[in-house]
Amino acid sequence: MFDWLFRYANPARFMGLTTTLLPWLSGAAVLALAAGLYLGFSAPPDYQQGRTVLILFIHVPAAIMSTMVYGCIVVASLFSLVNRHILADVAARTAAPLGAIFTLLALATGSLWGRPMWGVWWVWGDARLTSTLVQFFLYLGYIALWGAIEDETRAARICAVLALVGAVNIPIIKYSVEWWATLHQGESIMSGKLAGVFLTPWLVMMLFYVLLFVCLWLVRIRTMILERRIRSLMQGAS
Amino acid sequence: MTPFLALLSRDLRLSVREGGGAALALVFFALVATLVPLGVGSDLALLAKVGSGVLWVGAALAALLSLDRLFQADYEDGSLDLIALSPLSLEGTAAAKILAHWLSIGLPLTLFSPILSVFFGLSAPTVMALTLSLAIGTPAVSAVGAILASLTLSVRRGGLILPLLVLPLLVPVVIFGAGMAVEVQTGLANGAPRFLLAFSLGATLLSPFITAMAVRLNLAG
Amino acid sequence: MITSLTAEKLAVQRGSRRLAENLGFTVKAGQALALEGANGSGKTSLLRLIAGFLPAAAGRVTLTDDGREISDPEERGRFVGWLGHHDALKASFTVSEQLAFFGKLYNAPSAGSIAGDASGASPVTTGEEKRMALLDQAHLLEQIGLARQAELPCRYLSAGQRRRLALARLLLTQRPLWLLDEPFAALDVAGKGLVARLIALHCGQGGMVIAATHEELGLGNEVLRL
């Protein structure tokens, strides 16, 4: 089933494939950003939230990417453990800082967006925001663990287990935070209704985020593969 | 005496002879319970409100203290190799160590908590709920901690990043654990006990398998 | 009764470094194999591979027990008596406590021949078993030359004494396949003589020994150079 994947997972083929793909992907990303911003600014301001609803175009996609990137790490981790493929190791490791940045962006914009509504910079009662904060710590822990283990192959397996343990825990964490928010605050504060006129710009921005992540991810994987090659050349290995 | 009991009793003895037993954890627990009022003020009404939460956090932190050596000590002196080759499976080894950690750290913390709750002026029913929640939740702390301890057993100074790794995963335990005390304080049933019990059971049942997997990964080094 | 250990086209890999390639050898019951090579050549890794800790990067290792072929590394480990670089001794435990722990951990049979002793009586009750175990451990310590140090905490043992205790533990666990990493290290002439005698005895009883060492095992053994 995954034969096609393994064919391109050979590092040499991977480098070749991405060399061709990257210019197109980055071009598409720039287009998506331009289109998304244009559509977003040309839509009528929401009567309730004003231009701050635009933060919606930056915050919500970032929050979704935060979870999606972790999902990518989990998939890469599975391949890492089961197939012991070096590309899976590199993919998981390089995605993490990107995911952490998306998470931080989501937190910052969530706070910025929330302030006009809440009057304060942070509200614990927002279950999603609080869960995102815990997710941020999970990313930091994952990145820290990669750096702490010297043997790269061992680090890959161990971090893969960590990612999977985190993956199992995340739904539980999200549920417990929601439960806790309802307990202490009544109803959850943020509502997520999107008027139709905002749906298209939002989808385009979401596309931009995904393309941005893929481009950055591929670049980072290529960089890491090159670094490993240089290192093995210096070591004198064949 | 079965291999499981042999390892359990050895770990318990080691904890007392070389680890200072529960003393460090209990003192740390007491210090947290002391520092918080010093930090937030002596208003007993406020302290009563935050008390169960603070004590739960304090217990979780205190339980983390000896966690990094759970597997690392045996790994470094070669004992882990010998234990792995014994008739006791790695899953059994993990279970023995989790139980030893809970008996030597988690249980003492639980039994000590009623005394510390005096610092926060908690009512008797709240104290009972808190103690019960610790009794149910601290095994989960040992279980989840063991997974991370086994993953980091080859990391020198792994004790520094261990809290970073363990604490986010303990969010549900702290939430539901403190939630049990809140249930009594507000008089409204909120379902916390069964969630805590479910998490604890799940964690203690699954942890030996994941921990064993992590030990295998590290022994291959 | 294990009869042979065979390695076929074995590749030893540690992390991303290939240490040895295409190794093949057979050790039969009663034989010893010496592993020789420079530091870092993979002797310890090969021992760990045979013990079942390290997965083989290529090829396989098969242990034959009573005609049954065992290739599962963890199952193979149940036949291994391990003597590694580290002594695995806890500073606060006394010599006899350490032995007692490992005896219980390994379900070491209490009666039976240890170090050439022939005592075939099987104990009837657990109390009897315990007494036999204690007697045997005391006997073992005597044979190893640590009888006087029985109640001494391990932190006070010299390097040579620690090694002897590790040897006693090896004898106690009564495993047929001995994997020894530098067994002569830290021992004086008498100690080295003891090790050589124990290895010879073990092989004489039908056991197998694979040792990473620079010194002569003195058994007309095979040598594998890494």
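A, B and C label the chains in the order they appear, each numbered from 1.
Just so it is clear, contacts are C-beta pairs under 8 Å (C-beta built on N, C-alpha and C of every residue); 3 or more make two chains touch, one makes a residue touch a chain.
Note that this is a predicted model, so its numbers are computed, not measured.
Undergrad: Edges wherever two chains touch, nodes for the chains themselves; is that graph a line, a ring, a star, complete, or other here?
TA: Looks like everything touches everything, fully connected.
Undergrad: Of all the chains, which has the CA centre nearest the overall CA centre?
TA: Central chain: B.
Undergrad: Suppose chain centres are the mean of their C-alpha atoms. Which chain sits farthest from chain A?
TA: Most remote chain from chain A, centroid-wise, comes out as C.
Undergrad: Pick the pair with more C-beta contacts: B-C or A-C?
TA: Most contacts of the two pairs: B-C.
Undergrad: Let me have the rounded angstrom distance from the C-alpha centre of chain A over to the C-alpha centre of chain B, please.
TA: Roughly 31 Å separates the two chain centres.
Undergrad: Averaged over CA atoms, how far is the centre of chain B from the centre of chain C? Could you give it in whole Å?
TA: Chain centroid spacing, chain B to chain C, equals 37 Å.
Undergrad: On a C-alpha centroid basis, what's the spacing between chain A and chain C, in Å?
TA: 50
Undergrad: For chain B, what residues touch not just one other chain but two or more?
TA: 220-221
Undergrad: In chain A, which residues are in touch with two or more of the other chains?
TA: 151, 154
Undergrad: Going through chain C residue by residue, note those that touch at least 2 other chains and give them in order.
TA: Where chain C meets two or more other chains at a single residue, that happens at 15.
Undergrad: State the interface residues of chain B toward chain C in the complex, per the touch definition above.
TA: Touch residues, chain B against chain C: 1-3, 5-7, 10, 13-14, 17-18, 74, 76-79, 81-88, 219-221.
Undergrad: Tell me, which parts of chain A touch chain B in their complex?
TA: 134, 137-138, 140-141, 144-145, 148-149, 151, 154, 157-158, 161-162, 165-166, 169, 172-173, 175-177, 179-180, 183
Undergrad: In their complex, what parts of chain B are in touch with chain A?
TA: 147-148, 151-152, 154-155, 158, 161, 164-165, 167-169, 171-172, 175-176, 179, 182, 190-191, 195, 199, 210, 213-214, 217-218, 220-221
Undergrad: For a test of understanding, state which residues of chain A touch chain C in their complex under the given definition.
TA: 151-154, 237
Undergrad: Show which residues of chain C lie in contact with chain B when the two form their complex.
TA: So the residues of chain C touching chain B come out as 14-15, 48, 51-55, 77-78, 80, 82, 84-93, 101-102, 104-107, 169, 175.
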